[in-house]
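Per-chain residue numbering starts at 1, and chain names A, B and C are given in the order in which the chains are listed.
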Amino acid sequence: MEPLLKSSHVVEMFGGLKAVSDFNIYINPGELIGLIGPNGAGKTTAFNLFTGVYQPTSGTIEFNGQSIAGLKPYEITQRGIARTFQNIRLFSELSVLDNVKIAFHSHVKYGVAEAIFRVGRYFDEEALVTEESHKLLSIFKLDDKAEETAKNLPYGAQRRLEIARALAAKPKLLLLDEPAAGMNPQETHELMEMIRWIRDQFSLTILLIEHDMSLVMGICERIYVLEYGEIIAHGTPEQIQNNPEVIRAYLGGEA
Amino acid sequence: MNSVQKNDLRLLVLGVVLFAVIEGAMEGGFIGSFWKLNIILIGINIILSASLNLINGYTGQFSLGHAGFMAVGAYVAVILTTNFHLPLIAGMVGGGLAAAALGFLIGLPTLRLNGDYLAIATLGLGEIIRIVIMNIQYVGGAAGFSGIPHLTTFPWVFATMLVTLFAIKNFVNSNHGRACIAIRENEIAAAAMGVNTTKYKVMAFTIGAAFAGVAGALFAHCFYIISPGSFTFMQSFNYLIMVVLGGLGSLTGSIAGAFVVTALSAALADWPEFRMIIYALALIFLMFYRPQGLFGYVELTKLAPFSRLRALKGGREE
Amino acid sequence: MDFGSLLVQQLINGVSLGSIYALIALGYTMVYGIIKLINFAHGDIYMVGAYVGFFAITTLGWGIFPALLVSMAVTGLLGMVVERLAYKPLRHAPRISVLITAIGVSFFLEYATMYFVTPTPRTFPDVFSSAGITVGGFVVNGQQLLSFAITLVLMVILTYIVQKTKIGKAMRAVSFDTETAQLMGIDADRVISITFGIGSALAAAGGVLVGVYYNSIDPLMGIMPGLKAFVAAVLGGIGVIPGAMAGGLILGVVESLVSGFLSSTFRDAAAFAILILVLLFRPAGIFGKNTQEKV
């Protein structure tokens, strides 16, 4: 099977500092993959490389069989990679509904003139966007908060809204950056169910960064472990849990 | 007809009624020539503040060069009407297109900058435009362009103002306008949602410049002579005050801001220092106590009784 | 005059004009370095400095040096008052709100001054024209010598303060990372206040020197030099003190060359063109470092 996302020998330098070096991963269509590692290991840098926020210093990144290195973030999103942010980046002054509507951006086809004169496809497409946005919000139990300002949502709800918004961009690959950060065990458990469910429902491929090991071990099919910008281990949750390198990286010392 | 179109129609009827009342009062001789001119200026300033609001308020790109685009529109228009004897509408279209073209050319490189750097760069570009005009002898240089026919009338201004407001309202309530607003809220997240941020920043800047050019054309034909001195960055600050006072990201605010500032300037015409001291204190206290302005991010049409009316009829959104 | 002598004469004019820009630019750059604010009112602070010097010389009959010192003291205090009243309450507000406030403060200083001293330009008394030297056929007049000398002395003092004193270290620490500096026990509010004071005092010196140099002052005189000094600060690398000095000198020389060889009407355009080119091609300026937003 052709992998959906594949990075080969990717290196990212910040000044003289190697943030990521010889980074090789592959993700097959439909997989749910975890990327773990201590703080500062380069996990978010990897996401930024996949979404075009950073350009790799060297190496290649292929999505759907095509190189995406050098593309702008919006071009990568339009090709089918959407993401959430570790430090939540909602459109905080806008309503919950508008947050989701914006993410349909590339799938709305009417032009500027049609918008200004309110003719042609304007009304039909706007109605469709509103309807689909409400559908997504109800999946994430946010529909009753559709008119609320995003910044007034509780933390867990903001994280859910980030995922709903990313889904509105209709991605093939969804990147989740610490989706359970700041959630209580009950919320985390619900989130796990939710992630599995949307993967099946939207036929997604998911790569997630997470520190909550119960979540990672509970739902990921394969896991990559990153330390100091290098992949030190790769395998199923069982393999990772018993890998001496990983135990050393997490617990320190000479295990 | 859906609820959105009904709402538009209601606003249009409101506009026509307002026009009839003011036009009637003017024709009936209830308004003197000083206030006649100022009512026309209020209309023109509404076009300017609404178009600046599209750039600064909705898209969040802090521009201080609006007077430069207005100047280009004004000069192109007076060349067309005075030297080529074309009608006012040709001047407005020509002025608007010229300003839009310049806005596009300027916006493309400068909109990479953000925040206060963009502010100061656009201020500089506005001044460069003015200085260049000052050095073109064909349009009278520093002395100004004279012999302009007095073509601007209240009906022209009011109609253009309505068109501007509807165009900007419809734009910001569309997929394209949402993209602009997303850029204001969080540029990185907007790009991550598939918004081509450069394209939409330049688009908002170009549309804003176009309407500033049209407003410049109307402004120029109110007077016998225009000179580069009418389009300094102090004028850009003036429009900024209107937008900020009224509220960033609110067209209701732009209308209110243009009305208050223009009327206040007219009323205090004999005490210019006081006028400016009042503006200064208003800006400072606004930032302390109500930084979003009078109507920040809110439209009057979204408040009661409009929204209650829509709720009764089961309407959504606008 | 032939081309060569015109060039040298314009360079002399440019350096003396540039040294005044540099004095104003230092205030911009220090304030920007510490609270990331383009203090639009800084040019008006400079104008107030010129008026304080003017009244010290005319009304009180003082000499140029006492007038200069008193102007720097009074205006420095004004800068601190402005910071305390207008900017400190907005410490955690969006930067654009603070920028708009700065525009408001600028208007207020301009028109409040206009109310008290009338809009009519005042003729600055002729205090320093008798001196002057001729070097190889080129005239360096007394005003130019004075600008040079005073700018040089003030810059040496400033460099000493920033590099060697405790307050200077605190200023650098706050400008590098305000929060960490506070954790280290530095009173950031006090440091910011002193930075405004020093920056305003330097602008006041520039104001008095301009009065001496051009013999005329008015309430709106600060607008253009204020913007130009900002250009100088950006050119040198905003937040970098030697950058402001270099930027001011370069800008002064460019302007003099443009008015000497092209046309004085393009002088202001040249400054803004430099600004835009720098922002587009090297936004960090000559001495600055590029930074990127963390995602």
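We take it that contacts are C-beta pairs under 8 Å (C-beta built on N, C-alpha and C of every residue); 3 or more make two chains touch, one makes a residue touch a chain.
Since the structure is predicted, the reported quantities are computational estimates derived from the model, not experimental observations.
Peer 1: Which chain has the mean of its C-alpha atoms lying nearest to the mean of all protein C-alpha atoms shown?
Peer 2: It is chain B that sits nearest the middle.
Peer 1: Sort the other chains by how far their Cα centres are from that of chain C and give me the top one.
Peer 2: Farthest from chain C by mean C-alpha position: A.
Peer 1: Any idea how many Å lie between the Cα centroids of chain B and chain C?
Peer 2: Centre separation, chain B to chain C: 33 Å.
Peer 1: From the mean C-alpha coordinate of chain A to that of chain B, what's the distance rounded to whole Å?
Peer 2: Those two chain centres are 40 Å apart.
Peer 1: Rounded to the nearest whole Å, what is the centre-to-centre distance of chain A and chain C, using the mean of the C-alpha atoms as each centre?
Peer 2: So the centre of chain A lies 48 Å away from the centre of chain C.
Peer 1: So which bits of chain B are touching at least two other chains?
Peer 2: Chain B, residues with two or more chain partners: 188.
Peer 1: What positions in chain A touch 2 or more of the other chains?
Peer 2: 53, 85
Peer 1: Check each residue of chain C and list the ones that touch at least two other chains.
Peer 2: Counting only residues that touch two or more other chains, chain C contributes 295.
Peer 1: With touch defined as at the start, can you tell me which chain C residues reach chain B in the complex?
Peer 2: 37-38, 86, 89-90, 93-101, 103-108, 110-112, 114-115, 227, 230-231, 234, 263, 265-266, 268-269, 271-273, 275-276, 279-280, 283, 293, 295
Peer 1: Per the contact definition, I'd like the list of chain B residues that touch chain C in the complex.
Peer 2: Per the stated touch rule, the residues are 62, 109-110, 112-113, 115-117, 119-121, 123-125, 127-128, 131-132, 134-135, 142, 188, 237, 240, 244, 272-274, 276-277, 279-284, 286-288, 291.
Peer 1: Given the complex with chain B, which residues does chain A contribute to the contact?
Peer 2: Residues 51, 53, 72-74, 77-78, 82-83, 85, 89-94, 98, 101-106, 108, 110, 112, 115-118, 122-123, 125-126, 129-130, 165-166, 168-169.
Peer 1: Help me check something: in the complex, which residues belonging to chain B touch chain A?
Peer 2: Interface residues on chain B, with respect to chain A: 2, 4-5, 8, 167, 170-171, 174-179, 181-182, 185-186, 188-197, 203, 297, 316-317.
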